[in-house]
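The following pair of complexes shares a single chain, subunit A, combined with subunit B in the former and subunit C in the latter.
What follows is the complex of A and B.
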C-alpha cells in the first residue's frame, strides 16, 4: 500500500525493505514427490553468491526420463487433437454453454497434491514451516505448519512470516501454458475447515508485460475454526489488484478468461502452528450477483 | 543505488555535531540541575528526571574525553528504557529531542529509532504517539514552493521517513485521524508522498474494516471462562446452541496443605446435536477428541469434541418428517420445480460424511479426569451417554479430525456402566453453579 520505492534515496545504513516479501512466491518447495522446477533466474537470497553456471547445467539429461516425457507429451497431444472434435475445452458445447458449476480442484487422493506447490518464508531465510498432505481417508488435503514472523537477519528484510500454497500452471502437451477459462462464472466457491486464522486468496491471471509478472488479485479468506466445514463464496468482483503485496492505485476487475493459478497465503503475524483443510475448490455462476467491480476507479491525482 | 557519498558525509558530520552538542547541552543542563534541590534522587519534575542521565553522561564525557564513539539516536531511548518503558517516558524522550534544537538536527534518524523502539515501550497502537512523532518534523521547511521542487521529489529522505511512519501505522492497523492529515499537510505540503499514502490508507482501510464475517471482539475477554464461551459460540455454527459452564476455575487446598488448581470446563451443545446423540446407536462408541486449535487474532485456544464415526450405509435410515411438527409451512415439498436444462446449483462432488459431532468443550487442562467431568455433565441432558462406551483420543499438537480407519490402539476406555457414577458428581459438585439456559431435567437426581 505504498508507492513504488523512491529508488533515488540512498540506503544510508537504515533498514529498508524494497518489497513487501509477505506474498512473494518465487521458489518452489518439493512436495511429496520432490520436483524442482526449472526457473530461469530463481530468487537469490541477499548475501548468497551468484551462481555462474550456464543455464543448461541445471537440466538433467536422462534417457528413460526423456522417453517417458516424450510418451506423455504425445499422449497429451493426441488427446488435445481429438478433444477438438468433442467441443470447446474438450466438453460438448451444450455443457460448456450451460454449466453453472465447475469443480476445479477436488482433493481425493495423493495424485491431487501433484498440482499444488507450497512455499514459505524459508526461501528468504525465515523460520516458518509448511507441509501438505492428504487428509484422513484420502478425502481432503491438509495444509499445516508453523508460522514464525522473525525476519531473517540479512539487513534488508523487514517483515517476514508467510506460508503459501499455489496451484501449478496447467500445461498442455510439450509444456505449453494452458489457461483456466472462467468467463462463464462469477463466484469462487471453497469448502474449507480452518482454525480461525485469516488467509488470503490470490488469483494470478495471465499478463502481457513483464512489469505485470507479479500481479495478483487478492481477497481475504476468514476461517471460522471448529469441527464443521465452512462454505466460502467469494465473487470475483471483490478481488483487488496487488503487485508484490502492495495494493495498487489503478484498480480494475479480474478478467476471467485467462487464469494461470490460484493460491492461498497466510501472513497474519501470529506465530504458531496453523492448519487448513480443503475439500474442494470450484467456481459457480451466481445469478443474483450483478456487481461488476467492488472498488471505484478513482482519480489519479485526487484533491487533498 | 545512487552514490551514497554526500549523504554519508552529511550523516557523519551530523553525528559529530550531535556528539559535540550533547556535551554542550548536558553542560547547560548540568548547571540547571543545581537550582532545584537535587540532593535527593526523587523526581520532582520531568525536566530534572530527564536531565539526570544526561548529567551522568556529561560527567563520564569529562573523564574520558578521548573516546569518540558514535552516538546513535537510540541511546536516548536506551537510557530511558533502563528506568521504565511507558507511554509517558516515550513522550518525554520526544519532548527532550524537540526542545533540544530548534532546527531538529538528526530528526530523521531519531524518528526511525523511535519507530523501532515503539513496541518495546508498548505504544505501537497509540495514534496520539504517532501524531506526536510526526510533530518532530519541522513544519513548512519541506513544503515545495514551485513546480520544479514539486517535480523533483523535494526532500526525499524526509518524505520516505514520513511514509515509513504511516507504514508502521498501517501494519498495526491504526487509522490516522484529521490531526495526522493536518500535520502531514503542514510538514510536506499537499501532493507529497506521505499525503498520498495517507489517502491510500483512508481509502482502503474503511473498505476492509468489516470484511470479516466472523468478527472477533477487540480486546479479547481476559477471563478464561468468557473467552471459552465466546470461542465455543463461534465454532458451534448454530445460534440455538447453549453454552454450559460445568466448572469454574478454583484452587483447592487439601489436608496436606498443597494447592490443587482445578480448571474451568465450558461446554456447548445445540438441540440438533442432542437429537443426533439421542438417535445414536449405543453399540457404537463415541470419541472424545482433541485438543484442536482455534486462533482468535493472536491467542490460540484449544477445544475438544465429542463425535462418532459415520453410520455405515446399511444402518442409515430415512428420516421421516412428521407433518404435524410444523403447521405454519410444509416441511417437505414434492414439487417439480421445472428447472431448465443444466440449471444445476450443486457441485459435482461426493459429500463428505465424517460422522456427527455431538458436543464441544473447552478446558484449560485437557486430561481424562477433566473430560470425564465434562461427559458426566453432558450426561445430565443426554442420558444415552450412560450406555455408550466413550473412547478418549487425546493427542497433543495439531491434528485434523480422526477418520474411521484409524485404530484405537493406546486409547483409554471409560468404564461402561455409568449409572453408579451419575449420583456421585452431581451431588457433591458444588461448582456447577452457573447455568445460563433452560433448567436441567435432572434436578430431581441431585437430592
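What follows is the complex of A and C.
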C-alpha cells in the first residue's frame, strides 16, 4: 500500500489555522501499533475494556476469612520456628547427609492438585482446552485436554496453541516466598505416562531483577505412547536458559539452591487431544553424573 | 576473563588496600577502600549467572552505603574538629559513625545481613578474596580509631559472635557457613580491640590463615554443599584427614593454632573485669564449634551412602598449586607451641 502523496498536504500557512490536526495526520501516516510495556503485569485481551477499579475495590473484605488467615499464618510461623530446632529446613542433618532421592510432588488424592495451576491459550483468545484431575485410584494425576493452534482473531496475536501446568510457588507464613533447595541433587526424576507427544519441562529459579522474571530453564520431555510407565531422569546440567520462550545466547547452569516452581508445557503444533499422566516428580543424586553444564558458554565478543 | 583484565583487577585490589594502609588522610583511605570495592565487582560478575549478579548487586549496595557513611563521618569530623587525620577522630559522634560504617564494610552484626547471601552467590575463589583480602583495609582503619568509650566495640563484637554462631547453625551450604564463621571471628577481633589492639592483629592473621586453608581445601575438593563433602575421601584422602583439624582450629580447640587468639582474648577480657562478656563470648563460640564439628563429621567420620566401587573418581595430579594450602594448613594446625614467640612478635 503506498503512502499518500505530499501534494495532498495543505500549504504551511493554512496549517496554523487548523486546530484539529488529527484528520490530517491520519491520512499521512498509519497509526503505530500499540505495544504493551514490558513491565505491564498480566495480559489484557485486545478489545477487552480496561479495569478502572482501584485495588481496594477488588478485594473482598471478610472478617471470618481474615481470622482464618491469621490462624493459618501464625500456625505456619510456629512450625517454622520449631523446625529450626530439628535441623536445616526442618529436616535432621543426618537426612541431609544421607538423602539421595526426594519425592517432591506425589499425586495421591485431590488435595495434591491444589499445588498446581493449569493454563492454556484460551486466556489470550485461543481454542485449546486443558484440565487436571486425579487419576485412577487416586494414585496419579491426569493432565488432559485439546490443543488447537488457531490463533485468536484479534489482529495482534500471530501464534497460538499451548497448554501448560505449573506448580505454585511454595509460601511460608504471611505469604513469604519459600524456595526449594535442590543443591543436594543433580537429576530430575519423573514417572510419567504420555501419549507420544513432546513436552517441555520448565524449571523456574528465583531471580533478582524484574527483567529476569520470565527466565526459565527448559528441557524436552519425549513421551512414549502406550500403557507402560516411563521413568525419566534428566540431569539439571541439561537445562538451558530461555527468556519468554526464546533460547538465550548467554547460557549458564541452573543454580539449584532457590527453585520456585516446575512446569510442563505442550506446544508441538499438533492439534488434537492430549494426555499426560504423572505418578510423581522427584529429584535424585546421580554420583556418576559429573557434568556441570552441557552447553558451551560462548564468548560474545571473542578476541581476534 | 582475559588475563590482562584479570591481572589489572587483582593489581587494583592490591593497590586499594595498600593505599589505605599508607594513608593518613581520610580522603585517601576512603579512596583506597573504593578502589577495592570497584575492583572486586567485575571479579564477582565474571560468571554470568543470576545468583552471582544478585550477590554483586547486594555487595555493591552494602559497600556503597558504608562508604558514603564513612565519608560523611570523615567530613563531619573535619567540620567539628578541623582534623582530617585518621588518628584524630576524637568526636564521639563521628567516631561512632565511622565505627558503624566500617562494621558494615566488614560485615559485623547487626550490619551483617548482606554477607551470607553475597558469599552464596560467588565461586570459592572470589569468596576467599572477599573473606580475607577485603577485610584488611577496613580493619586498618578500625585499628587506628581509638574510642574513649569501648561500649560500641563490645556490643558489635558480642553481637557478631552470637549471630555468627547462631546463624550458621542450620546451614548446609558451605559458603554460607563460611560467611557466618567470618562474622563470628570478626566479632572476636572487634571485642578485644579497645583493650589490646595487638591481640586483634593476632586474631586477624590467625583467622586469615585458617580461612585461606579451609577455602583452598574446598576448592581442591570442588564442593559447596555439606552433602558433597562426604565423597572427598575418594578424591584426596590426605586432605580429608587434615580438614577436620583445620575446622577444629577454626573452632578454637587446643592444641591447634585457633585456640591461641581465643585464649589470649579471654584472658585479656578477664583482666579488664569483663568476665561476664568473656563467658558469653566463649559460650557463643560453642555454636560455631557445633557446625565445624558437623562439617568434620560429614567429611571424615562418615561414609557416603553411594556405592564406592562404582564411583571412585580418577586420582589425577592436582592442577592447582597446593603449596599455599600446605603452608597455611601447617600453620593452622601446629603454631600453638610457639605462642611466646608469637606474643613477642605482636607485643614488642
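Everything below uses one rule, namely that the second predicted complex is superposed on the first by the 259 of 304 C-alpha atoms of A that agree within 3 Å, B and C clash if a C-alpha of one lies under 4 Å from a C-alpha of the other, contacts with A are read in each partner's own complex, and residues count from 1 in each chain.
Everything that follows uses one rule, which is that a contact is a pair of C-beta atoms (placed from the backbone, for glycine too) under 8 Å apart; a residue touches a chain by one contact, two chains touch by 3 or more.
Since the model is a prediction, treat every value here as computed from it, not as a measurement.
Of the two partner chains placed by the overlay, only subunit B lies in contact with A:272; subunit C stays clear of it. Residue contacts after overlaying the shared chain place A:84 against subunit C, while subunit B stays out of touching range.
Within the superposed three-chain model, A:207 lies in touch with subunit C and out of touch with subunit B [touch as defined at top].
Applying the stated contact rule after C-alpha superposition, one finds that A:115 touches neither subunit B nor subunit C. Of the two partner chains placed by superposition, only subunit B is touched by A:103; subunit C is not. Legend: residue contacts after superposition of the two complexes on their common chain; A:184 is shown touching subunit C, with no touch to subunit B. In the overlay built on the shared chain, the residue A:280 is in contact with subunit B alone; subunit C does not reach it. Here subunit B and subunit C are compared by how many residues of subunit A each touches, and B touches more.
Touch criterion met: A:288 reaches subunit C, while subunit B stays clear of it.
Of the two partner chains placed around the shared chain by superposition, subunit B is the only one that A:136 touches, whereas subunit C remains out of contact.
Common to the subunit B and subunit C interfaces on subunit A are residues 98-100. Of all residues in subunit C, those touching subunit A in their complex are 2, 47-51, 53-54, 57, 120, 169-173, 224-227, 230-231, 294, 298, 302, 304-306, 310-311, 313. Subunit B contributes residues 1-4, 7-8, 11, 109, 112, 153, 156-157, 159-160, 163, 166-167, 170-171, 181, 185, 190-191, 193, 195-197, 199-201, 203-204, 207-208, 211-214, 231, 234-237, 292-298, 300, 303, 305, 307, 341-350, 352, 357, 360, 397-398, 400-406 to its touches with subunit A in the complex. Partner subunit C is touched in their complex by these residues of subunit A: 84, 87-89, 93, 96-100, 181, 183-184, 205-209, 212, 215, 250, 252-253, 255, 257-258, 285, 287-288, 290, 297, 303.
Contacts from subunit A toward subunit B in the complex involve residues 1-3, 6-15, 94-95, 98-101, 103, 106, 108, 135-137, 139-140, 142, 144, 159, 189, 191, 193, 195-198, 220, 222, 224-229, 247, 249, 269-270, 272-275, 277, 279-280, 282, 284, 295, 298, 301-302, 304.
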